[in-house]
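See the structures that follow.
Presented sequentially are two complexes of chain A, the first with chain B as partner and the second with chain C.
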Partner chain A sequence: MATAAHAESPRETVAHAVVLTDNADEQRRLVSGLAGNSDPDIPRLLNLWKESGFFIATAPAGGWQGLAEGAKVAVTLGDDKDADDKQAASVLATGAPLRDPAGQPVRLVATDLDNADTDFDLRLAMKTVLDLAAVTAADPVQRRQVVEQIGLAQDPAKLPVLRERVKVETDAHVQQALRVAIALLELRSEDAATQIAATNTLGAVRALSARDALTTLARETETTRPQVARAAQAAGKAIETHLQVVNFFGTLFRGLSLASVLLVVAIGLAITFGLMGIINMAHGELIAIGAYTTYLVQNLFGNGMALSPFGWSFRLPGLNAGGWFYESYFLFALPLSFLSAALAGVLLERCVIRFLYRRPLESLLATWGVSLVLQQLLRSVFGANNVQVYSPSWLSGHWTVFDVLLGWNRVFVIAFAVAIIAGTWALLTKTPFGLLIRAVTQNRAMAACMGVRTERVNVLTFAFGSGLAGLAGAFLAQIGNVGPSLGQNYIVDSFMTVVVGGVGNLFGTVISALGIGVTDQGLQQILGNPVLGKILVLCAIILFLQWKPAGLFVTRSRNLEG
Partner chain B sequence: MKLHRYLSSLLLGGALALCQGSVARAQAPTPAAKTTDTVKVGVLHSLSGTMAISETSLRDILLFAFDEINAKGGVLGKQIEPVVVDGASNWPLFAEKAKQLLDQDKVAVTFGCWTSVSRKSVLPVFEEKKGLLFYPVQYEGEEMSPNIFYTAEAVNQQATPAVDYMLSKGYKKFYLLGSDYVYPQTTNLILLEYLRSKGVPLENIGGGLRKDEAGNIISAGKYTPFGHTDYQQIVAEIKQFTSGGKACVINTLNGDTNVPFFKEYAAAGLTAETCPVVSFSIAEDEFRGLPAKQLVGQLGCWTYFQSIKSPENKKFIEDFQKWLKATNTQGIVKQGRVVDSPMVLSYDGVYLWKKAVEQAKSFDVDKVVAELEKGISFTGPGGVVTTQKNHHLTKSVYIGETKADGQFKILQEFKNVVGEPFLKGKFKAAVTTPVTNAANALAVAHP
Partner chain C sequence: MRRNFSRSELIAVGVIALLGLIVLPALNSAGLISNFAINLWGKYLCYAVLAISVDLLWGYTGLLSLGQALFFSLGGYMLGMHLMLMIGKLGQYKSDLPDFMVFLGYTSLPTFWQPFRSFLFAALMILAVPGLLSGVFGYLAFRSRIKGVYFSILTQALTYAGSLMFFRNDLLMGGNNGFTDFKLLLGLDLRTPGVQRGLFIATVALLLLVYLGCRWLTMTKFGLVQRAVRDSETRVLFSGYAAANYKLFIFVLAAIIASLGGALYVPQVGIINPSEMTPDKSLEAVVWCAVGGRGTLFGPVLGAISVNALKSWATRAYPDSWLIILGGLFILVVLFLPGGIASVPGLLARTMRRRKKSDEPIAAVPATAVSAATEA
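Moving on, here comes the complex of A and B:
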């Protein structure tokens, strides 16, 4: 059997395995047999199989060339669909066209054939094969991942492959990963000296992945080889210490990213509530409008979408963009979210809020009503179910720096928050419009006397604050749910951040967001309980506001209303 | 408004029935004559509020089952007349609506509830007024009311088979994560006992443990509230947990909290190949609101998948789609509909009840329950289900893998699993000696 398998080319082996749909064990055996084979065709074939690129055809009455009636054969289909949806079929094993007994090429319809499926076990077997092949892959990131996984599997059989590689590896990161992987494999060695050397290596490079293996080793060798157990324990301790440092910085980063989310969500409110003094309960819905705009833009870049608001159905055509152009939809969604939310803000200000500038409590009730109306509107247009917003690939990866996980979406939100704060600060302090805003918010009557068109400044300021809420929505769509009640989840957080920071003070909002974010994540890390952390933060805020009712930074003005 | 309509239809129905009685012999039987002889059946689900997304599907499948039965002559010659009430995701309201169904409408049986808390709130009502409820959604067990039939998956028909499967695939570490309420908490406690009985040491169970003063474990795993959005910390923890390999996540998060979790999970570079997630609350129907792309390859465990290949299932799906097209009941979504386990278990419940009624030759709750307890089988879309004396069902359990189209590819089937509600304390830890030796001690024969 083994000789037969060797005689076959990998291509033939795969073709052979594909048709064995009833015998999963044999399929797995055949695929596993490809491990270590350096044929460059293997990764391509296995990946194609995984992506359902192979079909199983059964020979009809009369058979095909070389195939009796009823025999199964693995085929690939060409790209040339004709009018009957038929495609040219090639035999997978040889790559030659499939021919009928008369020698004519056979054309088949894809939907008539069985798609060659893969299951979990088979894909794991494929992964082993691909991993070994990938140790020599061109991409260092891929090489490193593969090496790490081989190390974790602790299969001593793979040791020679790694030892070969470590001699020629040039990339420093992969080199390190290789050393860790080799050490991990050597932990399984029979020789105590090798084991101790391996544990020392692992301890020295602080390999987090080796933690479990070392614990297991320490336990197994406790009685038989105490010196190995001691070395394993020492290495484990070193890693444990390292882990605490990693967790500290990790928590700091996560706290910073949570703070940025809070800040992005609250900055709009800091303007409409903080500077203008409007209690806008519909702030959350402005965020939701931003999120839904992102959803719309995504679909317009994709295949378009069908909408049926109020029983009136129509279809928005899409650009059918693909690749990087589709992935860049988010860059277009950001300004559009700002604009759509700002537009909603203008309508809200003109229709409702401008009548209520001197009556804050009424504005609370009225905007709450508006928020309910907006929620129902979103529900009527987009449906009650959540909609799906896909993160572009440049937002859904991560870096690992010093064993701390830095998600790209999180790095993005931090940069985003910094940019928004800088932009808002510059607008308020460096532009003529900013001067007008400050004048009107400090003393409306006096500003009016000086010839400032306060009405216009009000509209624009409110629109700016609303637009910032829309930007927040565009980002939130990347990390969470987009549904009609999206805003409700963030309205409390927004008000909390603004009030703690001190109403009317942007800098206070920044500090309070940072404080709340880092404290929340820190408590979560220490207590190991996401709920308890949040409760404690809220309690702390209540106590804090008892002590400083006006928040961190009190804005004093000569405004008589204040 | 609604109540009024029901009352008037009830009166009208009664009046018609009286007339019918007096003149029936003189008239040739007409379809109208047939419909007047009805039996009322309650449907108690949330048609509004947070649970509406899931529960309206159950209402739809029940109406479909009733129409199917009515078209074939009804139950004991009587047409089923559904009385649909809305629990509105409001648990005390569920109890009120249950009272209304039993007192005013005098329904013969009720199909309903989704969340455990809604079931717990109607339970005393059904027990006091001697009603009968069929409950179709997977739950935590530790309950067996004489007036409820649990067509739902018990923990040993979902959670423990899933863990068995993962163990058989060589997974050694289990991270428990769930929404903070009774079902995940109880299920994870049972799983903890189960895992330890299988020789998984305590240190290999992630998510954290909480102990009371006496040192007994009262909670295992990590819990987040409904609507939680920030999963950074938890995913970072899982990432570290899985750094040693051979780890998986047992996920009992409910509803849309799964979205931020899976988005963060994917962003951290965790995939089904490096650390698979087995979810107990994500079925085909939930995929309508989830990012399917980010879930590909993750696992699920239910007693039914739409992808089951059987003639019964094929017919069931086709008939349901046909019914959806034809129905004119208000508020039924017609596009993109799928079926899933809770829906099929609702459907099975209707047919089991029908069979029990026919065997008992009566709609009387006591007699019907007695027949159900004797063991009644029905070949449903998911295979044969059989009622048990303990008010649960014997049925097959499937492990499935998520595909990009929101369907599951079936990986393994556990045939005829007996539903067992009381599992706490049933699985004895393999050893009572220090847990660190659990793996070794497994090999030692029991004393």
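Moving on, here comes the complex of A and C:
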């Protein structure tokens, strides 16, 4: 057997160590020698060893290729067990099949071989190597996770591993995580000075993950080492303050994103209800139509889907797209959602609403009927259960800015809301069509006298408002469940948003959505209960309307009835 | 609108009273009408009471309230609290506390539940709780002159908030499951046909009382102002009437009527939970009223019974398309028959007259309440 005179690969080292069954010290030395090596093979090999995946074969009379009779070799067995329980053997050191002198692959029976055992000391050595291998993983995100876990486990035995790593770490985030983890481990130290230094480090970097550990430390050392307890309390307080700031900004951000959702949902209503004065209770179902269109587009980009409406079933073929093309389905879904909901809006306007322009209360009732019918149709076509819409990967990550978690989808909602508002505003104020809309909604009779085709403007305006609802649906599909009653969850909120903002005023809708969204999230944070927060917001709105009965921004007119 | 009871109307009411109070219960105790049928009709008639309360607001005062289901279930909940305490040790956990409280880990009855041991207190609360809630809400809403669709949207939000609240377990009102499994009312076993018959008679009596009371109210000068508010509130204001007070009174009255209906509904159906309280249920009651014919008092009764009978049949025969039927019916009625079923005889008579005297000019048809409300 050759001694390890030349530089061995980790694989060769392991193979070498496996056969040294009678020299446990040497085995341990070899395994420990692997520490700090970033070869990705090491964890796999060591784990396999621990799980008894290696065998020691002794060459029979005549020997094997490259092995004299009686020589021991570490082998792994393939999983192609034949009738005689024989499996193909490979040499561990090279990975090549084990061959007899004639060059034929050797097949062995597992029970005839010695299993490569591991004793307690060896496993301990392996664990150290494995831990270190984990903190040297090539992916910085994975590395950081491992380090954070080690820190939270607070096992002082891992301190040397971390101290080794912190010297060579290049990624700033991981470096930071390492320092926090080291400090966390040092909290368990017996030496008061080390403990105090560690608490000070944790306090200085505002390590949120150390909060519980510091509280525990303060409690445990209260009587034995008061100065440690004091330091821990001070650090805990600094972290607490930081946490409050983080929570505040987190709440603000969530409030903003909720406000954006409300805004996206309510903006269509601000057109149909605010400008046209139609109470469209089916607005929620138009949102659902947009969401289901997104679902449909997603499936058409994927494997297609089977539908069975009214006991009549058929299958839509899919494009079987993959990769970035599949991920881009959402970009196609957005305009299609707009169009499908707008089309539904045109039908709704032509078949029902145009008879009810002078009877707003009755338009409320008729459109509620429409909403029931649409809900049932969606249920019949797509099933009563929620369907799954997968967010493209470019919407499902997050950034962490100063410990505040910024989900990409939430950031996207905000950007999307801003884009929609800007687009709607531009359409209403900067285009000829917008001029017509404003003319007809402000004074229908006069507009008609001036030759505006009010009927057509009505249809187009309603279609536009409905299309916006469809866009909202495409959007909600990314952040929540899609089901037949999706729209019902938003209808009360969106009416509230429009009423509080002041009917007929887009800017008011924006402000009121912001107000309601941020208040809602703030109350949730304070009360720790989403439902109670919602109830309080509704009560607050009722009281708010005492103060400003016509909403935030009133469109003044001389009409008494208005 | 007739200013006093006509003979035919009195006869009709008398016949219905005779049927409902004496004949049907007698046939039931003789075994000719099933207990199931009596129970079902008791339910329909409770809905009819709710429908009248909607009509009083919408058909007569022009206030489309989407909060009537809230008041209806509040009445149910108030009686339900009493019934829950009357279960006593007969419940699953053999405890003095209602089962859901035992389940939530309570060992003693919360203070606000204590007085509900008394039936009288519960009965008082059936009147007081919806009365107070509607009074406060109505005062706030009418004071700031919230009307029309805004009023509808606000009452919808109120109902929504109410249902969210009752869905919560820590309100201690049974949460999601509400109250059920009632045993005794006034010492009588609720599960016997005799007691159910008594409840049916009580429901008929309540419906008749509510009908006659509302009929009387709408005939008085008060009723006249009420309809004037519906047709042109501004003119009523300029004539020196405090329209807000009239509206507030009607709103509170309607809430109490709905609550009474709910209180009788619960022991007959045997369950009350927050899903009865949703804005959708309110809208459903509005459908009954619209289908039957608003602006008349027998229309809503007719509507509540016929739509619910249709529902009972359709949910069994076509469970998947029931909502399409209801929604479609509603769209058609709103678009083509704004006066509901109640207006059908009048429409038929008019067309008949028109056929007969096609050469003579048609006498101006007196503007019905419906068309007037429509223009408002």
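Quick note on the criterion: the second predicted complex is superposed on the first by the 422 of 562 C-alpha atoms of A that agree within 3 Å, B and C clash if a C-alpha of one lies under 4 Å from a C-alpha of the other, contacts with A are read in each partner's own complex, and residues count from 1 in each chain.
We adopt the following convention: a contact is a pair of C-beta atoms (placed from the backbone, for glycine too) under 8 Å apart; a residue touches a chain by one contact, two chains touch by 3 or more.
If you're wondering where the values come from, they're calculated on a predicted model, not measured in any experiment.
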Exercise. Should A:Asn409 be classified as contacting the first partner (chain B), the second (chain C), both, or neither?
Worked result: first
For this session: Report for A:Leu364: first if it touches chain B alone, second if chain C alone, otherwise both or neither.
Result: second
For this session: Check whether chain B or chain C contacts more residues of chain A in the superposed model.
Result: B
For this session: Please work out whether A:Arg123 is in contact with chain B alone, chain C alone, both, or neither, and reply first, second, both or neither.
Result: first
Exercise. Is A:Cys449 in contact with chain B, with chain C, with both, or with neither (first, second, both, neither)?
Worked result: neither
For this session: Would you sort A:Val531 into first (chain B), second (chain C), both or neither based on which partner it touches?
Result: both
For this session: Applying the touch criterion given at the start, work out whether A:Ala102 contacts chain B, chain C, both or neither, answering first, second, both or neither.
Result: neither
For this session: Would you sort A:Ala68 into first (chain B), second (chain C), both or neither based on which partner it touches?
Result: neither
For this session: Check chain A for residues that touch chain B in one structure and chain C in the other, and list them.
Result: 531
Exercise. Given the complex with chain B, which residues does chain A contribute to the contact?
Worked result: 117, 119-121, 123-124, 127, 149, 152-153, 208-213, 215, 219, 243, 250-251, 254, 257-258, 261, 384-391, 395-398, 405, 407-410, 478-481, 483, 489, 520-521, 524-525, 528-531
Seminar exercise, completed: Within the complex, chain A is touched by chain B residues 52-53, 169, 173, 180, 203, 208, 222-225, 227-230, 232-234, 236, 239-240, 243-246, 256, 259-260, 263-264, 266-269, 273-274, 288-293, 297, 299, 401, 409, 411, 436-437
For this session: Over in the complex, which chain C residues touch chain A? Could you list them?
Result: 58, 64, 137, 140-141, 143-146, 148-150, 152-154, 156-158, 160-161, 164-165, 167-168, 234, 279, 283, 286-287, 290, 320-324, 326-331, 334-335, 338, 374-375
Seminar exercise, completed: In their shared complex, chain C is touched by residues of chain A numbered 279, 352, 355-356, 358-362, 364-366, 368-373, 375-377, 379-380, 492, 495-496, 499, 531-532, 534-535, 538-539, 541-543, 545-546, 549, 560-561
